[in-house]
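Once you scroll down, you'll see the structures, which are given as structure tokens.
In the two assemblies presented below, chain A is common to both, partnered first by chain B and then by chain C.
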Partner chain A sequence: MAQVSPHTRFGLGAALTRTEDFRLLTGQGRYTDDNAPDNALHGFVLRSPYAHARFKITDLTAAKDAPGVRAVLCADDLDSMNDLTCSTLMKQPDGSMPAPRDIPILCRDSVHHVGDAIAFVVAESIYQARDASELIELDFEPLAAVADTAQALDDGVAPVFEGATSNLAYTHFEGDKAATDAAFAQAAKVAEIKLVNNRLICNYMEPRACVVQWQPDDDAFTVHLASQGVHGLRDTLAKVTNIAADKIRVITEDVGGGFGTKVFCYREYPLCMAAARLLGRTVRWTSDRSEHFLQDAHGRDNVTTARMAMDKDGKFLAIEVDLIAAMGAYLHAFGPFIPYLGVSMTTGAYDIPTMAVTTRGVFTNTTPVDAYRGAGRPEAAYVIERLVDQCALQHGCSVDEIRRRNFIQPEQFPYTTPAGRTYDVGEFEQHMSLCMERADWSGFSQRLSAAKRTGCLRGIGMSTYIEACAFSGSEPAFMQLQADGSCVLKIGTQSNGQGHETAYAQIAAAELGMDYEDVHVQQGDTATLPTGGGTGGSRSLPLGGASSLRAGRTLANNIRTIAGRELQTDPDNIVLEEGSAKVRGGNEFLSLAEIAALGTPAELNTQGEFQQAEATYPNGTHICEVDIELATGVTRVVSYTIVDDFGVTVNPMLLQGQIHGGVVQGIGQCLMEHVVYNDDAQLLSATLMDYALPRADDIPHFHFETRNVPSITNELGIKGAGEAGTIGSCPAVMNAVSDALLREFGHGQIDMPVTPLSMWQKLNSLRDRADV
Partner chain B sequence: MYDFQYTKVQSIDDAVHHMQQDEEAVLLAGGMTLLPALKQRLAQPTQLLDLSGIENFSSISVDGDAIRIAALTTHAGVAGSPLVQVHIPALAALANSIGDPQVRNRGTLGGSIANADPAADYPAALVALDATVITTKQTIAAEDFFVDLFETVLESDEIITAVSFPKPRRAAYAKFANPASRYAVVGVFVAESDAGCRVAVTGAQGSVFRWQEAEAALSSEFDAKSIESLTLPTDDMNEDLHATADYRAHLVVVMACQAVREITG
Partner chain C sequence: MTVNGKAVTADVEDRTLLVQLLREQLGLTGTHVGCDTSQCGACVVHVNGASVKSCSVLAAQCNNAKVLTIEGLADSQALHPMQQAFKDNHGLQCGFCTPGMIMSAIDLVQNNPDPTDAEIRDWLEGNICRCTGYQNIVSSIQAGARMMQSR
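And now, the complex of A and B:
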């Protein structure tokens, strides 16, 4: 557990319990669906059963006449709407920009993945809407489909878009090809690894939903939806619907998980807007779990070959990566940006002089791929950390030794990577050594022998990851002292369950000498917040936390000014504690409610904004031990140790929750979670009956501690921690699995997810190989 | 779900009467399979006949050398029954391994075996323990009750009223759970009684089956070593995302050994 400063009651470092928990745990949370009035109409999206087909809607009469049906919308009814566009097209090596593949709100004459949207039925009840959707008469002409990322570019594979010559969405290059080629030419040794980063489905607890009201008087909309930030969504909705942004109020209240997937505008939101205006009624839509599997952006799905050139001492000279990144059937909002973000972290925590990374985005007849917790950085950490282990094997040294020889050393900071990122600080070797000590790395052989006696292979693996957070930009905070002496803090990030209400409040409250429960954090309403960048990239606390501190500090200064004026003393003579402004060393004081009555609006409303120029770089070491049961192939994580560097810890309890959750997601990806399509691009893992998620009994106790080196980029020294767990975990788990196999068979390569079946098959093939 | 009529029947006769009147009606016991199927629009019955109002339909009693469990007894009821725990602890443990607490408190013995899901746990216990299924029309050995994938001998107007489990001398159940659904990829129930040793396998094929080769081997020597090098043909094994036919065949042996070791200690 991270250190808690004993003298800090509310400020940075205090392990405060969450103010939002009483509300959330007693059923008083207010999620999007809770905003629907009883008489709201229900929308239902008719989705494609085919992965690729031409279609014609031949008759809508029966559907429109069905009981309770108020409208049936098709593409033809949406002429005034624009498609959902990708905002992150990547420049190609020849300087050209790739062609966009935008997502129609409703498909016009062809569908490109199972679940592609065809029609929108609006009825008095969801059952009536679904019943009516089955009465829509359609002619499908099925076409050949492709689902496999590795095969998407093969000759003779059916194009996802009719008439296209290939499924190549774009090519992007980062690095220095000539320098990299030269380094490989003089390398003493080259290590190579081929990896599949499996496709995942987010599976937040709360499925997406929206509730749309239309106000005829001013042709304006109020849109409740589950998001990671309302302002970006409002602007996208304005662009898609051709309605002015100031006519669209977007509200997000409590959110049951976002993980990147809820950042985006999805089809159902503009569809509900169209229906609400057409019918003059409130229209609601709620995803069910099956729709989540088919419609919400998927994550990961990379096929990578990576090579490292080393000199005779195992010093890295250059890295070369060939990355095939699945885009799905369209280019989703940030689709091409996600692999790029990973590519920007290619060299990890190592001093590698040069790199050459080629990314090819490919179309398949699958749900589009976009950000999922970590968004490219888990994929990058997975490649470099697996490759570094391979380098150790190739060079003939231990996995910690190869890292020691190649870590960026403390005196090299600030360090600019070949990808152009500038790391501010880091002590990679130190946290690796501490983590090895905590994990009793040196005592592994005894545990290995003990495991063998129970019919298990045991392996140990580490990852010494680094990632990029927060990024350049800012997130202003707005504070107001209320008449009752409490404070409101408004900020344009969006809690998805992480505990923002507590974290921001404890930072601001410390400045004001008040109880953190008296600082009420408000997010998620475009009508009351001027701006907001939303939550993503672990930016909320590094950026929003620093702004909250500034807003709180300014308000505290103003309170001292007001109190000094009223009590006729120097403001410096005023101390803020226990919710009041006191004269230092005297008995006179004013309550904050009295201050609120005395201050001018300008004094009582403050703004704080911290502008950050560069990303922050959290890093750390994860060490994992696994047991592989020989009889069944079952792989279990039996031990897990984490020593992280998050710069400065805001709240150790919230931090621990973030890390635990992230690591569990990583373990899930390594051992269970897997999106499987068949050859016709039908989704086979389409429900939780087949898509395995980790549960409590799959997870061991975690040892977690921080060894923080404050960031000098961030005002508070904070580096960000929302995604680190998923980033550090996959390579640690898979290096452990690989280690177990290597020790027994001399060969260790296996891809995620290591399911009981895939491991059993691997064990069989390794035994056959040993027999030969 | 599609529209349907809901009827809470007052007695077993009442339920039979409704089933005779309406061929598309289905019985609702715990609803743990039926309700998800309805929600996913995979079933479209005209009428649900809710059995939960029938009195004395969830009792557990000693019946000579057997334990008689009424059809509407929940899995939690079986798992928590002192009678079952004392006389057939392996059955109580099996019931306690089904689904999660919510499922165990709704799902019923009768509902499970009537549904005859190839991955359900109970069929292995019924067949290995040589249980008797008692219905409104007949009393039938479990081995003859299960026919195929989701298929039993039950006629359209026939209702299971109870299952009678002879007390074994010793028994154990070992399950390899599907990582996602936690249904049995393979479940093996091994039971030894005066009549001999029985090994019943669920999850592996379309329907529960007795593994007679293992029964013979265990009858000569009741030890996991007797069966650990046996193999099963893969021809009739189920295949899905989580297990191929050869993996299932392999897991049958592993789970059978595990059950035997649990008995022999």
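And now, the complex of A and C:
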């Protein structure tokens, strides 16, 4: 990357307000369910009340005859459909590939988790469809079930799949076992930590939905659905339904949050397609909140033991991790890839010569687990950052000192980790020191004393996380100068609320010397854009932003060529500003509308594509302070400070918002969010009355700033930021909780979520221990 | 009833919720349904001037009532001060919770013209946002309150 200030070179960095806001603020947003025509039929999925059972549908007559019912679909009606498959099976240590466990669109004769789909009722109203679903006569034969990840592999536990000998879905190994064993054998000290990374449910505010129209003339479909990218969804739908991809138009307009979980094809989309074709009517389906809890992929759910070998100076020699990762009742699309993605970031920001990581994916009678808000990287950061604090304790130094001794140093870049990732740049100690200064780390003891006077324990904790974004690949951008002088920019990512319409426009408009509000970003329609990689892994700006820059720059050059031709001057003499092409130092100019009338189609339509060879690596320091009220066990985050390195900032306002939101997800996981299954694998936390989400009054005011070191992998220097807040936050909060307990009791281990009840119980057990 | 100042009549089933009437029969899809248990607040509208979760009131209960939804706030291209404040302070990301947040915020400011940070956070107990982390929503409401006072 050229050593020019990104500000002047790209026009990036301005805190511009969003072009998408007007419609979203005035109720004119177009979320999927808003697209349903008045006469659409409503679909409703009958779901299993049992976690594991054989079943038989004995009579559909009453349901089919119920008022308003137009169809009742069962597995037998879907013979032409394929199951939803997992695309990321992981190779096992012996070289074999594990057996797939695909998801039937409707279950045939057995169900494997509460919420597994049994039948699809289509009626004139949603009430009629729901009422009729209760008239379906079924015989269930309940079977033993397991929900607990840690117990799934125990002897005598019922298999999730009848006839299976164990619940082991697969084993995967990364690293060098011999080198790691040798390092542990010569270690002066070994730190060990056991952690549960609790299961979460995404809870985007917009429940999933779809609206499917069928065109009988050419046997084609238009499918409106809430997604993170229409092209991937179209291809999966084609595979599942055996309908050619060019007969399926997928449209996604506004999306009310996705967070990874809306990437996937879920059962209801092919079900609506089948019903629409059968009935020749538009069919809509909208998830309610409880269905979201039962059907949409869950996140996290790891049980981990991690050990670090250190020499006598506290220098890390090797890390060993044993990870049990819940897969749920089936292997979901990216299910096994998520823990792998975390494993690939095992060593974090530290110079650790070798590692040995064993992952065992396990089946339980639970909703399948897949990508959620960080997808493996929050889990990895949680393990390494909690373990590093344990190393400090074991070695007898401060948590910042153990990090200073072990950070990868700036002169070591490019640095290849034992997992094979190559970090391009990083200044970890610098952002840690800056963050400690901002958080007044050195003044903590006074705040501790003040908290004690109010009956609280206070703790301070940090995380110095690093994560991987964007990954190798590209996302082409297509620009067109319109007759009115505005521009259209088409790109195959998908805004889920991040502000793509503004961010891409901001980048392209700077090249064109025009107002960013005159660059109209279009996404989310397979009919108008041939391909697209969608949104996920914080890839949109690193890849799509760089492509938008290239498309904008090519268009700008073409505009200069057209203007030079018309005004009989060298294109280099043309400057683009204020929405026109002007002769440098002269009075002559052409408006962009005039340019549009003069240019050839080839000149007015440009494409930009930036290909990235390696991921980018955002990193930063989060520092958290917590108060634990001794009288009640209530833990509150009272202060939160963030200094991040995102390479280059496109729009600081959008960036700050994403970080705040991500951190609140982390605080939510640490203090309240928790999926609870009982021993029968019944989901107890199946509504927002039972599953706590963070509210405004659970959250402190944040201090956030960047200390950017531009990436040399990415053309714009951008590293990506969509998931960083979530990734950095859990270890910072839990290290603070642990610190508070350690200071008071000399023992600090507690798992997420630290609810008032769990803390109350912990405090009592620690007091009992102190009494002995 | 009147909705956004216009007289409206509709035949509804007894069990029809206000939010269903608004979305399905009147085509006012700016009011959103985010949960089934009256937790999320995406469906907040004003009924006779007070904020109400429209998923928790029957349409028939609003007979003769004055209902105001997010669509009725802006005066064509001129945003209501609270809407403008959300835009200026980046108080929204995906926008799904936003109509409920804004309707709720306006009710707060009508009763407390100069709310503190803590009062706003307390008031938002019934509105969940999954994107913003709330800080910019709180800033937006403070700015909106000032703009509403000076209007």
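Throughout what follows, the second predicted complex is superposed on the first by the 762 of 772 C-alpha atoms of A that agree within 3 Å, B and C clash if a C-alpha of one lies under 4 Å from a C-alpha of the other, contacts with A are read in each partner's own complex, and residues count from 1 in each chain.
Quick note on the criterion: contacts are C-beta pairs under 8 Å (C-beta built on N, C-alpha and C of every residue); 3 or more make two chains touch, one makes a residue touch a chain.
Remember, predicted model here, so these are calculated numbers, not experimental data.
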Open item on the list: Which partner chains sit in contact with A:M689 here, chain B, chain C, both or neither? Use first/second/both/neither.
Closed with: both
Open item on the list: Taking the superposition on A as described, I'd like to know which of chain B and chain C A:A613 touches: first, second, both or neither.
Closed with: neither
Task: Touching partner for A:L757 - first (chain B), second (chain C), both, neither - done: first
TODO: Return first, second, both or neither, reflecting whether A:S290 touches chain B, chain C, both chains, or no partner chain.
DONE: both
TODO: Using the superposition on chain A described above, determine whether A:A602 touches chain B (first), chain C (second), both, or neither.
DONE: neither
Open item on the list: In the overlaid three-chain picture, which partner chain does A:T632 touch, first (chain B) or second (chain C), both, or neither?
Closed with: first
Task: Between chain B and chain C, more extensive residue contact with chain A - done: C
Open item on the list: After the superposition on A, what does A:R130 contact: first (chain B), second (chain C), both or neither?
Closed with: first
- [ ] Determine, under the contact definition given at the top, whether A:V676 touches first (chain B), second (chain C), both, or neither.
- [x] first
- [ ] Starting from the residues of chain A touching chain B, keep only those that also touch chain C in the other complex, and list them.
- [x] 127, 290, 688-689, 693
Task: Touching residues on chain A, where the partner in the complex is chain C - done: 17-18, 20-22, 24-29, 31, 33-34, 38, 127, 203-207, 254-257, 259, 286, 288-290, 496-499, 653-654, 656-665, 687-689, 693, 695-697, 699, 701-702, 725
- [ ] Report the residues of chain A in contact with chain B in the complex, numbered from low to high.
- [x] 127, 130-131, 290, 631-633, 672, 676, 684-685, 688-693, 755-757, 760-761
Open item on the list: With touch defined as at the start, can you tell me which chain C residues reach chain A in the complex?
Closed with: 13, 15, 23-24, 28-37, 39-40, 42, 69-71, 73-74, 79, 83, 86-88, 90, 92-99, 102, 117-118, 120-122, 124-125, 127-138
TODO: Going by the contact rule at the top, pick out the chain B residues touching chain A in the complex.
DONE: 1-3, 40-41, 176, 178-181, 183, 240-244, 247, 250-251, 254
